[in-house]
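Take a look at these structures.
First subunit A sits with subunit B, and in the next complex the same chain sits with subunit C.
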Partner chain A sequence: MTHPILQAAAVTWISLRTIPQRRGSSGAAVFGIAGVVAVLVGTLSIAQGFRQAMTAAVAPENVVVLRGGVDSEMLSILGPEEVRVVEDTAGLARDARGALASAELYVVIDLPKRSSGTDANVPLRGVGPAAYGVRPEVQITAGRRFEPGRSEIIAGRGAAAEFAGLDLGSRVKVGRNEWTVVGIFSAGGGLAESEIWTDAVVLQDAYERDQSYQAVYARLDSAGQFDAFKDALTSDPRLNVRVVRQADYYAEQAEAVDRLVTVLGTLVAALMGMGALFGALNTMYTSVSARRREIATLRALGFGGGPVVASVLLESLVLALAGGAIGAGLACGLLDGYRASTLNWQSFSQVAFAFAVTPQLLLEGVAYAAGIGLIGGAFPAIRAARLPVAVALRDL
Partner chain B sequence: MKYLLLVAANLRRKKLRTVLTLLSVLVGFLLYGYLGAIEVALGQGVEVAGADRLVVRHRVSIVQPLPQSYGARISRLAGVEDTMHASWFGGVYQDPRNFFAQIPVEPDRFQAMYPEYVLPAGQAEAWRRTRTGAIVGRRTADRFGWKIGDRIPIQAPIWQKKDGGNTWEFDLVGIYDGRDKGTDTTTLYLRYDYFDESRAVGKGLVGWYVVRVKDPEQAESVARAIDAEFANSPAETKTETEGAFAGAFARQIGDIGRIMRAILGAVFFTILLVAGNTMALSVRERTSELGVLKALGFSNRQVMAVVLAESGVLALAGAGAGLGLAWFLVGRGDPTGMLAVFYVPAARWAAGLALAAGLGLVAGLLPAVQAMRLRITDALRRA
Partner chain C sequence: MSDNVWVSVRGVDKVFVRGSESIHVLERLSLEVRQGEFLALMGPSGSGKTTLLNLIGGLDRPTSGEIEVGGERLDGMSERRLAAWRARQVGLVFQLYHLMTALTAERNVELPLLLSPLNRLERRQHVATALALVGLKDRARHYPSQLSGGEQQRVGIARAIVTDPVLLLCDEPTGDLDRKSGDEILGLLQALNREHGKTIVMVTHDPHASARAGRTLYLNKGRLSAEMPE
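Now for the complex of A and B:
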């Protein structure tokens, strides 16, 4: 038993086995850290879920054409001539019916949130016939597609779950128009699931938009043609448009909410982490002082300072990891998949999303716990190693 | 006095432990203050909404405009004292990240409707004289270092000017302050007449109306009367009190209150555990001393009071320091740069102190009761 590693193992084993004797203080440290990790993982899972909803299922070949200088389709306007020019530009993928380009309108309507009963801005999108070709991820899960020319809508499953009145077959009155919900669709978890779709021409009529649109969603032959496509449009003197990859457009849209939640979540978790750190320090100092005699006896028997330091650190680490695991488990069990919706500032409309507790977040949470445990154990460990043997033994 | 000395001596007994406990309580209350400010900020002005003001918007969505002619019709309804209209300009100053609202209004009506925006008389007069004039709140003026007399160029993607451009220039003629702490002073107000005359499309349309009612008690019935007035017209309305409007908007962001309460719950649970555990520990260590105290003639109740006082002092001192630090940090502005107001209402500070007293009581209760029930013979034998 003279090798330092064997010594450390022996001392650690003793300290771990005696944890039940310090149930109260060890428990406080474990649950303190569990709370911190649960809050950290929980808040970051909101940001993660939001980001996933905004960026999921976007094909790299997809592009959005908006009016020049605007950063949201809400503010964009494109005339019928401009739309025609975009549709005729080389580089677009085609199917039997022609180029995969869907000229769309985007408006928001008020619908009550199921959770609070208060009005929320729900996006209503008018799409062209090519919309399903541009976004092949869109699949009808119940009912059928809307028929062009009729006042029919289909609702994304996120929207249908979050807002009242979007059940299959129900009627939605918007202004003087009445719409019938004829289908529910999924979109690979993407943003479209938060939207309601209808025929763009019908929506133009309902909103007195004449022939104008707000954006063209299109699919290119290949993602590599983006630059050529963009150059062709932006250099065309008949057009004043902005061409962005759909993925970049969505990422832009997600930025504000993402930043807000991430900054606030990290800040709160950092502060809570400090609180838990003080708790862990308390626990480990208590543990060291409760074992003064043991430690002194070991030192008198010839155990080195290193093994004592290691044992305190390891005990602290074990407690912290236990706390981290409990916290991560709580966050995962209670929050993963929790459905919510929030207002996206850029598009001024609701985005339905599910909290996403990813393995990476869990790892981050546990790593954070380990950090707290190591720092919380370091100072008490040094004190334990410096304990004057003679004085501690005299306490007997 | 002798009790205080006893409490102080007990707290000094293990200084490190006392300091660590104090610090964890401090962090908890720092979070309490900070989360309070975040909740208020995301509440979008629910706390300062005028009880006598209504907001009238398009039934379909606030994005849909209303005719300017509605103003006169609303004014004629019984119970309405005053009206004004406002619109959404949605411009960008230099970079989309520099977000702040810009709203075209009619200066006189605006000032009559919102007495909480305090503008010096001279500046109000200058605004009345200058068509291209605009006023801005203190926060935004400070943020960009604007001074009265500056020309502010703003890109408006929604509003093309008649000359085809999208860049609008405003002369900054005034900087207003908020009358109350919670008043949002980020918005820039420009003149509607200049806006309406210069825009290429949308003439005669406004975003929403604000209505002051004669009697706040009648707010609901006036709101119904306004909606009835425009029922079955091309632009039906939805009228709510300013508080309900702000509340609904806040709930669009999500159930902020519930999330904040969940986090705070986790925080307090954690602190309670840490502090309570420390208290219990230090009482247990002193069992024999408590026995001696009782042998000297301290009553059960006195011993309990000493233990409770100890936890109370810890909790209140930690909470006081934590709330103080929160007050300082919240005063330095919000960490994201995206919240319009960032402050903690006075009532929440008071609630914080009450929570602190509660924490001290709960954390100290178990050890205090143990100490009270302690029998002298047991306590002394254990030593």
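Now for the complex of A and C:
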């Protein structure tokens, strides 16, 4: 007997060639699956983009020092003596001005969004002189740096794009303070792009924080020194601090949103996938019943059940892959790079990010489509193979 | 069983059960067809002609009784073996041709050969021979929709003979054709019987068609007879 694969190929070819005769139901299945894949890839690209925004451009040698036992800068407080001890600890990278450690504090202000005009939260970060050394990725793209001691701010380009009134030269009134935007900065796509920066001392004054800070952002000589640096700080009896790698800290911060979006996206895609599955199932049952006569004829000629099952599965797979490719293409074309922002739940402030449709996500989407196609084709394929030949030949 | 009997049906019953109702279509029916014979089966609609043909062709199994074709017992053969047997031993011709609309005439004719050990070149040669035999050499690349009913039935016959089986089973092969095309098909079957030694069992409603056969049997109320029923 000729190779079963050749038989399956012949039967599949017959079924694929007759798809145009069933274009209604086939098209419905293709577009159903395309929609599911677009939504799946779309939502996962949000999580991906958010994760990228949160963790982008974080150097491995960067660390964050917080008060002991707190998870977030928001809840942390460090006194000036503690900051000084941190700055004097061995292992920090140095430049001409001294150790690369920036004591920072952090408030959240309300600004109207450009898109809707409604107020949303933006982090306003007070940084020390070493901030630029700690985060060399921060580059002024327009204007200049703020002058220490003055009510000047620079805005991350994500924040500037997202919120009204952060154009270069404009004045921002928050409470009884008025700030002048003197610069716009980029930060290699990192989280800082969603923030506004000013001089820590000025911010302490404006918000009556005396001399307290919330965190120290510092850069180590090398990433390998983290453990020693951490041990030195945590074993120091004068301190009660938590030392984390900045990348880990951001990942922690991203986790809630990341998980929420991923779970939500997966859930929605799973629900829609059920719909598409039934669509595919229906399409393939329709296809099998439309091809009932042809299948029965092939069986009468002596073709086995195997090639028939394979042909139904392959037809379903082809339709699903077409849908998957369309859906992935849609997600890629419409969403990739699309800028949006969302609330960072830890800091209750907006994080600007771009949808990131990665090859990995596209592959996941297409694989999902293939799964829908195979499962949707399985039962109809079994029905096709079980078709009693003599009965199917007579009811025409 | 005498040497030249090719089809032997012995005491076959066929009962269809539909819900609580059961239809006794064939009752202790026996039939012998000699090799090289051209037999016509007639009988009223619903008398079981197609049912009998399906049993001889291994498309269905008898409720009881024995069926032997070319020395092989079909009753009791597994589904898989029956399919392989059909592919080798029998050519089926249908009233409505049952061609694959998506395939050209030559691809349709080639289908049964995909179940044989022949290679591509051999398959092509067999297909060409079969198409030439039915007089459709120049229509090989046509799709069924581009052929007349008579031509489509010729493709159907070419497909049935391409594996060179001894037995051809034809269920109302001219039932859907006009008189002229029907006559051509009957002439073709006759030639296959006389010149190529094919054993043919043909179901028909048409006395004109049965006249071409060597013998005619009538099926009525589950039984066969040589006499036309009242």
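Convention: the second predicted complex is superposed on the first by the 394 of 396 C-alpha atoms of A that agree within 3 Å, B and C clash if a C-alpha of one lies under 4 Å from a C-alpha of the other, contacts with A are read in each partner's own complex, and residues count from 1 in each chain.
Rule of thumb we're sticking to: a residue touches a chain if its C-beta (ideal position, glycine included) is under 8 Å from a C-beta of that chain, and two chains touch if they have at least 3 such contacts.
What you are looking at is a predicted structure, and each value in this text was computed from that prediction instead of being measured.
S.K.: If we overlay the two complexes on their shared chain A, which of subunit B and subunit C does A:Arg97 touch? Say first, second, both or neither.
M.R.: neither
S.K.: Quick one: name whichever of subunit B and subunit C touches more residues of subunit A.
M.R.: So, of the two partners, B touches more residues of subunit A.
S.K.: Is A:Ile14 contacted by the first partner subunit B, the second partner subunit C, both or neither?
M.R.: second
S.K.: State which residues of subunit A lie in both footprints, the one left by subunit B and the one left by subunit C.
M.R.: In subunit A, no position sits in both the subunit B and subunit C interfaces.
S.K.: Which residues of subunit B touch subunit A in their complex?
M.R.: Interface residues on subunit B, with respect to subunit A: 16-17, 20-21, 23-24, 27-28, 30-31, 34-35, 38, 59-64, 90, 96, 99, 155, 157-158, 166, 234, 236, 238, 247-249, 251-255, 262-263, 266-267, 269-271, 273-274, 276-278, 280-281, 335-336, 338.
S.K.: Note which residues of subunit C are touching subunit A in the complex, please.
M.R.: Checking each residue of subunit C against subunit A gives 50, 54, 57, 59-60, 80, 83-88, 92, 94, 96, 98, 100-103, 111-118, 159.
S.K.: Can you check the complex and tell me which residues of subunit A touch subunit C?
M.R.: 1-2, 6-7, 10, 13-14, 17-18, 21, 293-294, 297-304, 389-390, 393-394, 396
S.K.: What part of subunit A is in contact with subunit B in the complex they form?
M.R.: So the residues of subunit A touching subunit B come out as 24-25, 27-29, 31-32, 35-36, 38-39, 42-43, 67, 69-71, 74-76, 107-110, 113, 115-116, 118-121, 174-176, 256, 259-260, 263-264, 267-268, 271-272, 274-276, 278-279, 281-282, 285-286, 340-343, 345, 348, 350.
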